[in-house]
Amino acid sequence: MTELHGVFPYLVSPIDDDGRVKAEVLARLVEHLIAAGVHGLTPLGSTGEFAYLSFEQKRRIVEVTALTAAGRVPVVAGVAATTTADAVRQALEWRRLGCAGVLAILEAYFPVPDDGVVAYFGAIADAVDDGADWPIVLYTNPQFQRSDLSLAAIERLAGKHRNIRYLKDASTNTGRLLSIMSRVPDLGIFSASAHIPACVMLIGGRGWMAGPACLIPRQSVRLYELCRAQRWAEAMALQRELWWLNQLFAKHALAACIKGGLELQGYAVGAPLPPQGALDAAGRAELQAVLASLEAL
Amino acid sequence: MTELHGVFPYLVSPIDDDGRVKAEVLARLVEHLIAAGVHGLTPLGSTGEFAYLSFEQKRRIVEVTALTAAGRVPVVAGVAATTTADAVRQALEWRRLGCAGVLAILEAYFPVPDDGVVAYFGAIADAVDDGADWPIVLYTNPQFQRSDLSLAAIERLAGKHRNIRYLKDASTNTGRLLSIMSRVPDLGIFSASAHIPACVMLIGGRGWMAGPACLIPRQSVRLYELCRAQRWAEAMALQRELWWLNQLFAKHALAACIKGGLELQGYAVGAPLPPQGALDAAGRAELQAVLASLEAL
Amino acid sequence: MTELHGVFPYLVSPIDDDGRVKAEVLARLVEHLIAAGVHGLTPLGSTGEFAYLSFEQKRRIVEVTALTAAGRVPVVAGVAATTTADAVRQALEWRRLGCAGVLAILEAYFPVPDDGVVAYFGAIADAVDDGADWPIVLYTNPQFQRSDLSLAAIERLAGKHRNIRYLKDASTNTGRLLSIMSRVPDLGIFSASAHIPACVMLIGGRGWMAGPACLIPRQSVRLYELCRAQRWAEAMALQRELWWLNQLFAKHALAACIKGGLELQGYAVGAPLPPQGALDAAGRAELQAVLASLEAL
Amino acid sequence: MTELHGVFPYLVSPIDDDGRVKAEVLARLVEHLIAAGVHGLTPLGSTGEFAYLSFEQKRRIVEVTALTAAGRVPVVAGVAATTTADAVRQALEWRRLGCAGVLAILEAYFPVPDDGVVAYFGAIADAVDDGADWPIVLYTNPQFQRSDLSLAAIERLAGKHRNIRYLKDASTNTGRLLSIMSRVPDLGIFSASAHIPACVMLIGGRGWMAGPACLIPRQSVRLYELCRAQRWAEAMALQRELWWLNQLFAKHALAACIKGGLELQGYAVGAPLPPQGALDAAGRAELQAVLASLEAL
């Protein structure tokens, strides 16, 4: 059974002015991250601008990522849709393209009651369940999504679908993670950039899926290893340094910040898709200073 | 110059189980509404589930609506996207299909600052500006959208693009409409279902674009005429009756409510796209009672 | 039976540096407002800084207002508390001091469920019910209060306590007022400054209780009379002018704005109690311009 | 210099039906908590219903607590007001009554800009600064307060007033605590019940000020000692058990929950002041089960 754990950088989506995926840049980034020791890759998360891409653009990003990774690390790609039909279509296609699992996201314009939330994620799980093990990571994000996952919905989903085995929580509420762990102990929990990774590891997390790990993959892996070894004093010393980067992400737009940082590191990933703005000069200067202090330039 | 005014029903989007637009049902609904005297038609508003449809589905809905209307009333279709490129593509295509103008909507996952908001709507206006008059209606909806239109952004847009001539406000804040009128007097204001149409007409509105008018087109036109004639006592007597319907819309999900009502009236428009739910039995009973009292069954 | 109607200025609370009520200034303001034709007076509303005053300060303000008004117009003073016991104490004392009724407000730190809300207002109504007619105005303000009045709670209260005969709504949602009127037709509705008074009158309101009427009492009374006479075109012409003042109130802090305006008109009411700030120079300039244009300086 | 650290139970405020403080019950609770090894006591926090008490009731609670503690542990009482004058009055009186410091809280009806926030807390600090060391704990609670403390305001306050030496954060955002620590390293940070105490200790916290510690003082002290000894595996094992209690607090009203639990433990503290409700039967049963599992009955 595939056990997901460790550091999964949230990949950005490099798109050129004509709307084409910049495959070469993306492949180079994937190689770089794998070389740095990351445990997996997650294209099409929030940082990957899933809400701004067409199906074709998404498909191509997953394809390039999976082909480049070539099984060296698991690729867990984002499935994000407002309709069940679109979500199922993505999940099936991402599996066909070689992903090891999916990160399942519910977009919504109108609020969705719990029954609809459960139906949506359940339909994805059923569609990909051919008897094989193929993990689904639930994604819950109260900040940007209109229909968050209640604890009751999480319990219902985890109890019923054997492939729903993980959850990534993008709230800032770390206590909520401990509550989920206490009520649904079989669910593996991943942190997002708004939580302190060392804290999530302390309470029993499996790792983190987050944008900052794109910029500091080596340092993130080191932090993970210290936490796994329960060397908490060293972990916290490193965590304190790395947290300066998370503070920048909370301050600037996520995609703009990671794309801006990758540009500083020599990856021509471009800016977020308009009308989203690029990282401004002040933000770039702040980011440059923090990355330099972390020896990430 | 095309002057938009009066009652624009927000059309629903009838889609079958295979994802195909039910063209015959939609065409029949369009005929019915035109026969009832409505002043225009708006496919792809919130009630039209714009956030749940693919480009192809949207295109087909606009096509069927425009072909059926055949110029008898203006069709002002919704343009809704997270990216500028997608919005421009929709606007150009809707014009080619014969729309008289568009209702422009900014979808967003991450918040967009005013400059981005202005850039988005400005790009749509520029793309369709070939020297001809082709009105753009700005849509502002603080409830369901992450980046609402500030008064400052509205002023900037209206001052710069000659085709940005109208605004539809879907807040519940009627005073905000009077503030916009006082600061941008050349902008024509349309009400949404959350405002009391008679009040918006009293303060100088041009009409309303709203879901309920799909179910009570004749009654809505009558209300509009009474307001135009400044027969306020009669207008309010009618408004009071019609408001029961708006109260139901505020209580139930918009698309589910209108689709459920149209089914009761004999239009097989189906349910909203899953995981959105259909109107439940209790809601249907409430709706039936109100429609019966308004002689709309 | 006392029927409340018309324009009730929300009085400010002039307090000197030692915390004493400036009785002379308050009395002069009361005389001025009565001379301008207002239909009633409301001390201790939001604009009256009820949340910043001790019981003794409140008591003195009610006393000065009631003594000065001397029955010429009804004084409907604010009762605001977090506990039922404190609210009842205020209501009994305000009655003893000669008020014609109270505006009842629930303050809360923790959210209060509907049963608690109903118990609170019900206890006030019971405490003052000695068989005589003594109207209670419910106050609902979703913006600044943690426990707003649901429609269900309003229905329960109005159905059970004969003195609960009015409601003042400080939301911006004018449609909500029409919904309340349709469901609880016996309740008289007063507007707040966030609604357009002419609209609230059109749909059947009794008048308004609001801060701006402190600064433009004569103009407010004129607007009320035009609405009562159903001269809507003239009413809207005047309403449009007066709305500039409401726009300023929405922009600046309420108490600071009214106190600043009264200072400009020659009433030394001082600034709001610290740490609330006084109206700044830019705000004062804006206010001066608007008051001048309304011939209110 | 007084260094605050460890477990500070948030005391409840036992009040009888006539509004009198139940001094005997409160004193017995204080004795019990001190015997259990708590490091300090905090009357008049949120759980202490500060927003529902008169100055006289507050004064009496502080007096009884300080007299009973008699210097065995520091008493850090809540100062909470909407006006600067009231806050200063409380702080001076609590010092006179023997408190070792205060927990300073800004209540607000209208939002307060940062300058006002800084002025309020600064005025308290200045008022009690007679050259002696007398610590002030800033309290920040985005959930129940209208004017939260921004990081910029915290930096300004900590940099300027030598007695502003601690902060208690009642958000659920644990990452925010690490951000504050990184930017204002001299400020000692206390956790609230919404954070996981073990996590806050891991990142460098001084302890916690929270309601649950009233019910499980011995277990809380044990958790604190394990954290201080960096025995994280044991700490987390205990933390997991205790977290069931925090989950109940998040579900029920704070004051109702603690008062209900103390009643189960034999302290006749009564119910929260009306219109707040008492813990209902289902809540009491849940609480009883959790307290029994923690050997706290």
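Each chain gets a letter, A, B, C and D, in the order it is written, and its residues are counted from 1.
By definition in this document, contacts are C-beta pairs under 8 Å (C-beta built on N, C-alpha and C of every residue); 3 or more make two chains touch, one makes a residue touch a chain.
Note that the coordinates shown come from a computational prediction; the quantities given were computed from them, not determined experimentally.
Chemist: Measuring between mean CA coordinates, which chain is farthest from subunit B?
Modeler: Chain D.
Chemist: Would you kindly tell me how far, in whole Å, the mean C-alpha position of subunit D lies from that of subunit B?
Modeler: Between these chains, centre-to-centre, one finds 51 Å.
Chemist: At what distance in angstrom does the C-alpha mean of subunit B lie from that of subunit A?
Modeler: 36
Chemist: Counting only residues that touch at least 2 other chains, which ones in subunit D make the list?
Modeler: none
Chemist: Report the topology of the inter-chain touch graph, choosing from line, ring, star, complete and other.
Modeler: Here the contact pattern is a ring, one closed loop where every chain has two partners.
Chemist: Going by the contact rule set out above, which residues of subunit B touch subunit C in the complex?
Modeler: 171-176, 178-179, 182, 194-196, 198-199, 202-204, 230, 232-233, 236, 239-240, 243-244, 246-247, 250
Chemist: Could you please specify the touching residues of subunit C with respect to subunit D in the complex?
Modeler: Per the touch definition, subunit C meets subunit D at residues 19, 46, 49-52, 54, 82-86, 106-113, 115-117, 119-120, 123, 144, 146, 253-255, 273-277.
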